[in-house]
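Both complexes shown next keep chain A, but they swap its partner, so chain B is in the first and chain C is in the second.
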Partner chain A sequence: MTREEIINELKNVVAPYTNNKEMLAGLNDQTDLIADLKINSANLVDIIIDAEAKYNIEIDYDSADKMINVGSCVDVIYDKVNKK
Partner chain B sequence: MLGTGNDIVALAAIDIQRTRQVKFYSKILSAFEQHLCVENELQLPLENFVWLAWSVKESVYKFLQKSMPDLVFSPTKIIITKLDPGLDFEGKVVYKGIVQYHSYTLYSRTIIDKDYIFSVVNFSDDFRQTSWGVKQIVSSEHAYQSSAVREFLLADLNKLFPGNNFTIDKSRHGWPFIMNDNKEIPLPVSLAHHHCYVAYSFQLK
Partner chain C sequence: MGKRVVITGMGVVSPNGIGIPAFLNAIQNGISGIKFVPLYEELQFACQVAGKPDFEWENLKNYISEVSYHGLKGTNIAYGLTAALDAWADAGLPYDADEARWETGCVFGNSAPDAEATKFAIGKIDNKESRKLGSRMVEQVMNSSVTSYVSGRLGLGNKVITNSSACATGTQSILMGYEYIKYGLADRMLVGSSEYIDTYIYGAFDAMRVLSRKFNDQPEKASRPMSATAGGFVPGSGAGALVLEDLDFALARNARIYAEVLGGSCNSGGQRGGGSMTAPNPQGVARCIDMAIASAGVNPNDIDLISGHLTATMADKFEIQNWSQVLRRSGKNFPHINSLKSMIGHTLSAAGSIESIACILQIIHQFVHPNINLEDPNPEILDIISQDCMPTKMINKEINVVAKANFGFGDVNSCLIFSKYNNQ
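Moving on to the complex of A and B:
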């Protein structure tokens, strides 16, 4: 999978947890999940679990810690997907 | 270290079935906390234990972030080492916790209501100088939550310290602070919102 493919699919993963549809449409590496998409921190674990299911990967604690913005989420997913 | 951190979880907004899945709660609870949960001496439903732990950990993160702006929220690394039921906040039933994050030890108080779980943390086990409030609001829309929690805190501050001109500002790292006549005052505050609940805490001394 390319980074572009991952970022496009990631929009569907985070969509249920944000009402900021404008920011979601323009998702980029710098988009912060909490500050920009206004996702409640209590939903961050949901996003990690949903991403694990979507990409059939396991995201360990240290990787999950890095998933603060879209760019870091894509980095983690890209790394896990392409190591399978 | 003078500070405060709080968090609230609205129980109407949690997914109970998902919370009960190992793959979910193992991303929040440390191995020790999972052991505490299995022993279940507190006789809490699993979902309440998990979200109690979450709210304590989030509170600790908010407390420490003010002295460590680059701190990353890593729930499994903030460990509740002790949790007991007790009374505090003028006779309310609370869960009293001791929490460890690396070399830091903090103390927590958690209220489990039928509609929410609210936690506040302090560097001391004495919460007599900790003020807090929880309020239900009419909308879960983010901008409304944000303004409602600020209005709530300001209203209570003005009741406690009448005759001032308090406002709330936000640091570039994202935490709130109180201004009086446009000058920051040394009153640590913490704000939280989730779904239709908002909460604050502040530490007087």
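Moving on to the complex of A and C:
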């Protein structure tokens, strides 16, 4: 799975958690989940749970802590998907 | 003296109508919201009927953001949000606010959190999948879930509190909001209550053998307050919400005024003198009604209508006895009395707020709603009051003062006095 494929699917994973649809459409590595997409920090765990199901991976607590912008999310997911 | 408190907005999610126009039509025409519930038959409950609002979950998208909607599981939250936001809009107020509304608080009650949502959490945890619960469970199983969703949506910044006093909850929430405004601590209070009777709470009531069980094949006949064939109450779900405002504050913004809260009282019989966990001490009931009338500054003879607690159990006749003794009125001199529960069943914590809305509608439109299923009034009740006091068809009548009471497990009582708004 390429980074581009991951980022495209990530849009769908993140969609239910943001009201900022414009920002979502232009999602890129620098997009910050909290500052740009205005996602409630408490809800980040829901995105991680959904990503686990979507990519059929397990994201441990330490890796999850790194997932603050789209780039770092893709890094973690890319790593887990391709390690399988 | 304190400030005068008026009602400026109402919203309702009732088994016989969602929204004020549908609900008004239902109570004027004696439309029942009680239906057979196949799941209860499957679970082998003795009572297989219930009052459940014809609620469309999708409709919530008109009230809350998509993000908030996604992951919402609590039905009591859905009912409460709908009633509260409808009441807010009915008062002519906008939903969105950038800053907290410091002048407005919220007292919203429920008798229990949504047990179905709780069960979802328990299932995942017992299955060693607690990490899959995500971030939205706590906010939906805490006691203050409904209040938190409502106050958060509207940005309410004054006192925000969740009250719980079993079946007296709804009337109590209105009383608490009324008192807070009366003493000048808030200009506006959004008050009410919401209840979703899931199978778990329902089953426990069924086990107590206090529910109707002889009319499973005729659901609309099952709730029979004050009748000789009253055989237990019919559980119901729903929510009611009211916007209360300081009169001067309401007048200053040219708000439409529906009615006035003249006074009220809330007490307990202490589970003494015949009172218990499940039965009221008659002295407690009498004191509660007496103090409500005194605080309203009305004479017992001024009361045009009583909206009773009247659940369709043995207790109905004791309730009538209490009213009669406190008001010193009997026979044909007794006020009109009705029980909304004949149409929607007993919505527990929501009963007080939905029934209060019915009271206010009867004041606005000057009528007494019918008691359905009262073709066979209890002879012991007829020994106290005239049959004419318990109309079975809607009657048009001048209604100025209405007394509304509810009594709950734990021997708690709550009584409110509403009146037509007089500009003087």
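By definition in this document, the second predicted complex is superposed on the first by the 84 of 84 C-alpha atoms of A that agree within 3 Å, B and C clash if a C-alpha of one lies under 4 Å from a C-alpha of the other, contacts with A are read in each partner's own complex, and residues count from 1 in each chain.
Here is the rule we go by: a residue touches a chain if its C-beta (ideal position, glycine included) is under 8 Å from a C-beta of that chain, and two chains touch if they have at least 3 such contacts.
Being a predicted model, the structure only gives us computed values, none of them experimental.
Participant: Go through the superposed model and pick first if A:D79 touches only chain B, second if only chain C, both, or neither.
Facilitator: Neither chain B nor chain C is touched by A:D79.
Participant: In the three-chain superposition, say which chain, chain B or chain C, touches more residues of chain A.
Facilitator: The larger set of chain A residues in touch belongs to B.
Participant: For A:P16, decide between first (touching chain B), second (touching chain C), both and neither.
Facilitator: So A:P16 only meets chain C here.
Participant: Once the structures are superposed on A, label A:D29 by its partner contacts, choosing first (chain B), second (chain C), both or neither.
Facilitator: neither
Participant: After lining up the shared chain so the two structures overlap, which partner does A:A42 touch, if you call chain B first and chain C second: first, second, both or neither?
Facilitator: Touch status of A:A42: both partners.
Participant: For A:D65 in the superposed arrangement: first (chain B), second (chain C), both or neither?
Facilitator: first
Participant: Under the contact rule defined above, give the chain A residues that sit at the interface with chain B and also at the interface with chain C.
Facilitator: 19, 40, 42, 45-46, 49
Participant: For chain B, which residues count as touching chain A in their complex?
Facilitator: 9, 13-15, 18, 23-24, 27-28, 51, 54, 58, 72-77, 141-142, 174, 194
Participant: Mind pulling up the chain A residues that touch chain C in the complex?
Facilitator: Residues in contact with chain C: 16-19, 40, 42-46, 49.
Participant: For the complex, which residues does chain A have touching chain B?
Facilitator: Where chain A meets chain B, its residues are 19-20, 35, 38, 40-42, 45-46, 48-49, 52, 61, 64-66, 68.
Participant: In their complex, what parts of chain C are in touch with chain A?
Facilitator: 65-67, 70-71, 131-132, 134-136
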